[in-house]
Every structure is written in structure tokens, then in C-alpha cells.
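The structure follows.
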Amino acid sequence: MLARILGYFFSEAAVSLRRSWKVSLVAIVIIAMSLFIGGTFLLLTSNLTRVVENWRGDARIVVYLTADKVAREDSQVLQLASEPPWVTAVEEISATEARSRFEATFPSVRELFKDWKEEPLPPSLEIAFEAEGADDGQLDEWLVSLRAHPSVVMVDDDRDWLRQLEALIAILTGLGAVIGLVLLTAAIFTIASVIRLTAYLYRDEIEVMRLVGATELYIRGPFYVEGVVQGLLGGLLAIAALYGGYVVLNPKASTTFLGNVLVDRFLSPEALVFLLVIGSVAGLLGAVLSLRREELGQ
Amino acid sequence: MLARILGYFFSEAAVSLRRSWKVSLVAIVIIAMSLFIGGTFLLLTSNLTRVVENWRGDARIVVYLTADKVAREDSQVLQLASEPPWVTAVEEISATEARSRFEATFPSVRELFKDWKEEPLPPSLEIAFEAEGADDGQLDEWLVSLRAHPSVVMVDDDRDWLRQLEALIAILTGLGAVIGLVLLTAAIFTIASVIRLTAYLYRDEIEVMRLVGATELYIRGPFYVEGVVQGLLGGLLAIAALYGGYVVLNPKASTTFLGNVLVDRFLSPEALVFLLVIGSVAGLLGAVLSLRREELGQ
Amino acid sequence: MIQFLHVGKSFPGGRSALQDVSFQLERGEFAFLSGASGAGKTTLLKLIYREIEPTSGQILVNGRNVASIPRTKVPFLRRTIGVVFQNFRLISRKTVLENVSYLPRILGMSQQERKRLAYNTLRRVGLAHRMSAFPTELSGGEQQRVTIARALINRPEILIADEPTGNLDPELSWEILRLFLEINGKGTTVLLATHEHQYVRALGGRSLVLERGRLVVDEHVEGHVGDIESKPAEEAEDPIQPSTGDLM
Amino acid sequence: MIQFLHVGKSFPGGRSALQDVSFQLERGEFAFLSGASGAGKTTLLKLIYREIEPTSGQILVNGRNVASIPRTKVPFLRRTIGVVFQNFRLISRKTVLENVSYLPRILGMSQQERKRLAYNTLRRVGLAHRMSAFPTELSGGEQQRVTIARALINRPEILIADEPTGNLDPELSWEILRLFLEINGKGTTVLLATHEHQYVRALGGRSLVLERGRLVVDEHVEGHVGDIESKPAEEAEDPIQPSTGDLM
């Protein structure tokens, strides 16, 4: 019984798609366009999020040591620094290394240090840690004990910067979500509009079916299936277009930092499935919305 | 004669818009959505471009001086620095000022300088210039003469950085143009699709007009006017939505650097007119495209 | 059984199309509904299969109050009623075969069965050779006959025919009427709206006449059955144009 | 003047609707075109105002070869021909008034003139009181009369009427025929496709009969004008239902 009805829906939808392929094509292309725009954002934000995640992993606490520290004291500091379970790595940076790093970062001022006899920068320890592992209280306590150590000049806590970065990510994610949602709503609305126009186009046909004794199930089923199929085809088209765009842009983009950040990797399989699902759901939703108002009787 | 025909077009279009307002609304909202998306990009890129332009204006050449320079020599350098016509301003930065600036920029390392007796940074001259005023040859020559001066330690030329920034702007502008063009094409296609569906919806009507003896001018005119009016209304709706979004987002965005950069100012009147024109042209184009294939006879 | 009890129908604009119409048709009756253009014939018929609802009065079809049937059950009422619409109402994106066999299809009949049934029904109206044509490729009279075939295919309990011969030549018209009589003979109640007074005179049966929305005549007319038998033979040898060969 | 020279028409599917049709109608003639359903009447008429083009042969209308008229000039041909379409073809988004006065409007007639003209024409078909209704709010016969009014409003040189009384009661039908006769009397060539043999017998005139796409009869029939005059009086006092008051 169910198989028969589904068979009916699919064959009716297939016949309709074939006989009115021009109208269907319009619907499919509009769905594809909506999903293409949405997918572009998905591509950009997913790459951006990935980059930001990397930055987050790079966050460090830097402990500057007095230049005249003795080895024993140093290893004491080292132990203090490595103690907490959330610390994942501690790297020792000598004064020489600190200077060469600084010079590498700011090549334009390297000449400033040329004539100095003593090293301009102190040696330091860079501590990598898992931000999730520690609560703020424990971390602060530990920082205080580090700062109190006599051979420590200063502790530079990346967390301030990290917090700002996290706020930025939150804003970006929020903005992305808002833009994505707006675009998705726009896409669904567009699709619904097109399907509503299509249903309007076939309103006489629908009315005849009703008058001849078809139940709503039989009238709407094929339109729903048609909506889903159009959505799926639209999704596939959008993915093809996105991939095309990615292949064309990627080699050019990778020559610049920003481009590299934005279009480094293509969408994950999950994201692709997500696009297809969104397309189908939008197609279905469009069909449901557009047929909702088609009430009995006129 | 022309007035009569135009009057006919407008009154027919008005009647049609009124009697089929549901279908028209769908078309208008789709146009509005396309323009809204396009407008959002316009808003973001115009703000971004403005910020980048400001940065470009801030580009400086920094001349680091020896710490033990005498006043006479200094004024000699000062004169050499101010000489070329493209130099717009020369600011003297004393060693103390340089340090306080550095500390303000990198507050986390301020403790490093605490115990130093001599100033860690040399005094300098910051030279603002018009990049357009000088050709590269003249500028390079001048830089060489500055570097040769005995009391100059080093000359830091922002132009390297500026060139990179300009490349970045070019990429961004290109990207914006490409995305904008894609979106605009998408919008026009969407609009054309909707108008084609609408024309398809009214194909019987159009055929009757033909059979009764109407020339193409009389048949198409009202549809063209309808397309333009729908495009205009869609444009107005998009501007309203953009302004609404701007008003809502602006106070929130201004608390973050990025937000501030992106939604600082609303679109210029020219940009608004541009959106309206695009809307009308798209509406007209949609009507033209959709009626193009409606050939005589069937 | 169709029963109208003081039925009135006014359209939104305030136009009254029917006023205080009461009559009763028994199961298996053959009735003519006549009246001038705009008298309310189509309106009356639409009320029976609930395309529209009355503004006053009650309508009973097979003992059920049509107005009180829940919306989701209306299709089941309609499946028992075959309707020949005045304006045909064919689905232009479906072929003749698909149009005619639409109801059998959703009732679950197999494709082969459906095709056989549609072929037989279309043959009765002389259109078996046009099964794969689309309605727009048919002449006016051919479209009308497709509509008739669609109304008959499911052997409805009630047949409602609104001006079913308006686009047919007299020979074909008589043939269609003979078809209706035959179906009526098998138990189907027939209600036929028509302008052709001659049909009533020839066939006889119940005659309902509307005048500006009021039922002014409700009588039984004696038919001259000879007319039906002689009429077509008089003017054409083979009333139904033979199919031009290309079947199925 | 309408002239067909060995005209043939086959449709894309390969169906031949007309074969080797030749005849000539003089200016001011009144001709009947009859034939069974599907004989090719509508196809023949469509060729005259170039809704379709012939696959062979030549068609001359007022001395011009219809097939060779450039596309942009076709509207001007059509403006001289009033057509009553078999399937009405009213614009459903326009009111009766707008439908009827569409051509006068694009010809630049003032609104007042148009309204007066439309009112007078609609009055002739008994529909002056429904001027602001939309086609979907009209009965079948009312829609048909709107179509007739639209064909007549511009005093065409040629009137083509395809089954114009299929949805009208006999009284109204005779009234419409009388209208056509009157217009014919003022010089309009009339070509009327119909199934009603009685019209030909009563009115007389040129009679063309099609059979499966071939012209099998082309003769002049003597009319019994008494029939026309007596027919309506016999059966109805006032053939055209009076308008119910609410004019304009």
C-alpha cells in the first residue's frame, strides 16, 4: 500500500519534472544559487574557524627570567612551570634566541641592536597549556607563584589576548551564523516563492484533481516529492559550482595570507551532506508552504 | 501619442500589480533579497576600503637618529627630510617619547625597560608623504641621501609594507567584485526566473491579446513597466532592510575592532541610488528575457 | 438519492444565483435540468459535489448532509459522483489516457487494468485513437468527449452532466445521450443540465426548469423513444467517427 | 474576401486536419461551416486569422496572402477580423468591460467612448448589467456572450464565429444569430462554424461542410426566413434575459 502510494508519488513527480522541465529548471537553479551562496559562507567560515583554532592552540604563557639567573634556580623555575597538569610543553628560550626571534619578526629595527654589547632581551620560558584543563582560579594562583619567584622578571599571559581572540571568534561565529541564517531563510523563502508560483501555475490542475475525488495526500504527495527532488538537484548543482569555484580560486588565493586562510580546504563530506539535506528540506518546505494555502473550494 | 501609450503601460501595470499582488510580492521580495545580499557586501567592502585608505594615508618613513646627535646636525637632517615637495609633515620623536610609545603598544614588556639607565630606543623623525607625489626613482635617491647622513642610524621605509597592503586591497577588491558580480548575476537570474514564471503564468492572457490584434509593444510594455516597478520596490525594501540591519548591528559592532571596521558608516546616497538602479534594470531585464522567447503563434 | 431542501446560494458580491430550491431525485432517476443562460443550473450542480456550499438550506446526497461532511471526507463523496463539467476541466499536462484514468489510478487499479478500462470507455465516445494526445491537441468536441469518458469511467452512483453536448454535432449528441441512458439503466442516477429542449421531449423523464434561480417547473415528461432511435440513423450512417487506426 | 487555394494542414505529430481545401467567400457573404466533431472546422478558422499556418496551399484574406504577412503586421490583419473563439479565451484578470474594450483601448479610444461602446455592445448580448464582473464569476453562457461582444465591438470586416451558441439556450441563440445577420447586413463577411443544421436550414446562405478534413459540400441553401422570425416568439416572450438593474 505504502509502496504503491510512494510509487505513485515518484512516477507522477518524474512525469511532471519531465513535462515541465523549464519551470523545474528555474526552481532548481534558484535553489542551487541559494545553496551556493550559503555554501560559500560555509567554506569561508569553516576555513577561518580552523585557522583561529590553530591560533588558539598556539597560545602561550611567557615567563621572562633575569639575565643573571643561575642554572639551579632556572631548573627550579622550570619545575614550577611544568608542574600543573594542564601544561603541555615548556620551551626554554635563551637570550640569544630571543634576540634573533625579535630580529626576524621586526627586520626593520635589527640595526638598533647592532652595537649593543649585552643581549637586549632576557631569556624566557614559553609554556604551552590546555586552556580547557585548568579553571581560572588555579591558573591565577599558579601565575602568582611564578611571578613571586626571584629569578622571574615578568610573566606575560597570553590569556588576555586569547580572551580577546575568543571574543572575536564568538563575534565572527555569531556573524557567520546570522548571515548564514539570513541567507538560508532567504533561500527557503525564494524556493517557497518559486514553488508557490509553480503551484499557482498548476492551480487549475490541482483543483481538477480535487473535484475528481483525489485526497490531499494524492494531490500533495507528488508536489512534495518534486520539491525534494528539485532541492536535491539544486544541492548537487551548488556543490558542483562551489567545487568549480574552489578549484579555480585556490591556486590564486594561496599566494596571499588572507586567500590562504579563506579557501585553504574544500568543504568536509558532512558539510556537503548538510547542503544536500538543506536543499531537500527547503524544497519540501517550499512545497508544504506553497500548498498550505491552497484550500478546498477556492 | 507617446504619452498615451506610456499612460496605457502604467495603468495596465498598476492594475496588474494590484490584481496579482501575491505573485508580484513574491517577485518584489526576491529582488529585495538579492539586492539585500548585494548591498550587505557593498556595505562591508565600502567600509573596509575606507579603512584601508586611512591606513594608506598613515604610511610613514621613519628616520632613526643617533642618540648623541647635536642640535645643529639634527636641524640639518630635519631640513633634508622636509625638502621634497611630496613630504607633507615631519614629526620629531624624542627618545623618551619613543619609549613611552613602545610601552603603550607592548604593555606586557614594559617591565623589561624598568631598570635601564639609558633610553632603549633612539630618537627619530616620522615623515608623512604623498605616495602619489613622487616617482620611485626620486624617492629612492632621497632615501639614499638620508641614509648617508652621519647622524642617521637607520631609515625604515613603510613603502614595503604599503606595497603589500596595496596588493591585499587589490585582492580584496577583486574578491569583492567577483562575489558582487556572482551575486548580481544570481539576483538578475532569480528575478528573470520569477518574471519568466509570471509570464508563463499569464501566457494564456498574452496569447489572447495577440489573437485579438495587440502589437508586441502593447503586450510587452506593461510587463516591462511592471518589471521596473517591481525592481524599484524591491530596491526600496532592500535598502530598508539594510538600514534596519545597520541600525541594529552598529552599536554592537562598534565595541570590537573588526565590527567597527565593517559597519562603521551606512551606504552613501550614490550607492543607494545604485541599488535602486540595479533593481530596476534587473526587473526590466527579467521582463525582457522572460518575454523574449514568447514567440508569436506558439 | 439527491434532495434539496430550501436551498439558496448567494455569491460574495451579493448576487443571488439560487433561491429556495427544493426537489428530490430518487436513486436511478434520469432528470433534465434546464433554464436560460444564467438561470443557475451550474450553480445547482456544483452544490451537489460540494464545489461550492449553499448559503441557506440543506442538501442531502445518499442521505448524507453534504455541507456537514468533514473536509477530508469530501473526496470520497466526489468519487461516487461522475461530473461532466461545462468548461471541461481537463489537465493540460496529462494525456487523454492519464486524464481519463486518473481516478482509477489513485484508487489503486493496475496499469494494465486501467488502460483497458480507459480504452473501452474512450471507445464508447469515439476517442480510443487519441489516447496519447494532450488536451490542447484535441478539437472542442473531442475535449468534451474526454470529459464525458472521465465522468463515466468509475461507474459512478450519480452522473452529473453540465451541457455535455454543447460542442458536439447532433449525431454524436444522440450517441452520448444513448450512453447516458444505458448507464442510467444500470442504476446510475443521472442529472443532465441542457439547453436542448428536444432531448427532454424525445427521451422523457424528470424535467426541472430553473428561472432566475427559482425552480419553476418540476414534472415528469413522457418521452417519444422513437425519436432517439430514429434521429441518428436519419442523418448519419455511423454517428461516431471511427478511430483512424493507431490504437495503443 | 476570403480565398482558400488547395490548403492543407498537418500538425507536428503528423495528424492531418485539413486536406486540399479550396473555396472563396465574397465580401459581405454569410457562410456556415459545418461538419462532425474533429472534422477540421476550428483548424480552418484559425488559418484565416493566422493563429496557425498552413502546411500547403495559399490563403488570401482581402487579397493578401496571409502566410506572407510579416510577423509584425499580423496584429493589423487580426484587428480587421472579429473572432468568437470556441473556448472563449477571456482574460481572467480583466473584467467583462476590460475584456470587451481591449481592442478599442489599444486603438486609442477615450475611456468614455469605450465604455459607451462596450455598454451598447454588451446590451446587445444581454450582459450590460455584468460589466464589472470577472469572467470566473459568469455562467458558461454569459462568458460566451462576452466573447461574442468582444468580437463585434470593433465592427470587423470579417466575423469568424466558432460554435458561438454551444452554451446558449435556443432563444438566446436565435437572438445572437439575428445579431450576426444584422452585422452581415452592414457589410461584414460572416463565417460561422456550427453543429446546428437547423440554423443553415432556417437562415440559408453559403453552406460549407467538412468531412475528415476535406471540403465535401459547398453550396447555397435557400433560407426560410419565417423560421427566424417565428422561432423565438414561439418559445419565449423576451428572449434576452433583462438586466437586473445595476448598470455601470
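Note that the chains take the letters A, B, C and D in the order they are written out, and that residue 1 is the start of every chain.
In this section, contacts are C-beta pairs under 8 Å (C-beta built on N, C-alpha and C of every residue); 3 or more make two chains touch, one makes a residue touch a chain.
Values in this document were obtained by computation on a predicted structure and should not be read as measured data.
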For this session: Would you mind checking the shortest number of contact hops between chain B and chain C?
Result: 2
Problem set entry | Most remote chain, CA-based centroid, reference being chain A | D
For this session: Would you kindly tell me how far, in whole Å, the mean C-alpha position of chain D lies from that of chain C?
Result: 27
Seminar exercise, completed: Chain-centre distance (mean CA atoms) for chain A and chain C, in whole Å, is 62
Exercise. So what's the Cα centroid distance for chain A and chain D, whole Å?
Worked result: 67
Seminar exercise, completed: Two or more other chains are touched by the chain C residues none
For this session: Among the residues of chain B, pick out those that touch two or more other chains and give their numbers.
Result: none
Exercise. For the protein chains shown, what form does their contact graph take: line, ring, star, complete or other?
Worked result: ring
For this session: Kindly provide every pair of chains that touch.
Result: A-B, A-C, B-D, C-D
For this session: State the interface residues of chain D toward chain C in the complex, per the touch definition above.
Result: 11, 13, 15, 34-38, 41-43, 86-87, 133, 137-142, 144-145, 162-163, 166-173, 195-197, 212, 235-236, 241
Exercise. Which positions of chain A touch chain B when the two form their complex?
Worked result: 22-23, 26, 29-30, 33, 36-37, 40, 64, 108-109, 111-112, 120-122, 153-154, 156-157, 167-168, 171-172, 179, 183, 186, 189-190, 193-194, 196-198, 200-201, 256, 258-259
Seminar exercise, completed: Given the complex, residues on chain B that touch chain D span 4, 8, 16, 19-20, 202, 204-205, 207-216, 218, 296-297
Exercise. Any idea which chain D residues touch chain B in the complex?
Worked result: 49-53, 71-72, 74-76, 78-79, 81, 83, 85, 89-93, 102-103, 105-106, 108, 150
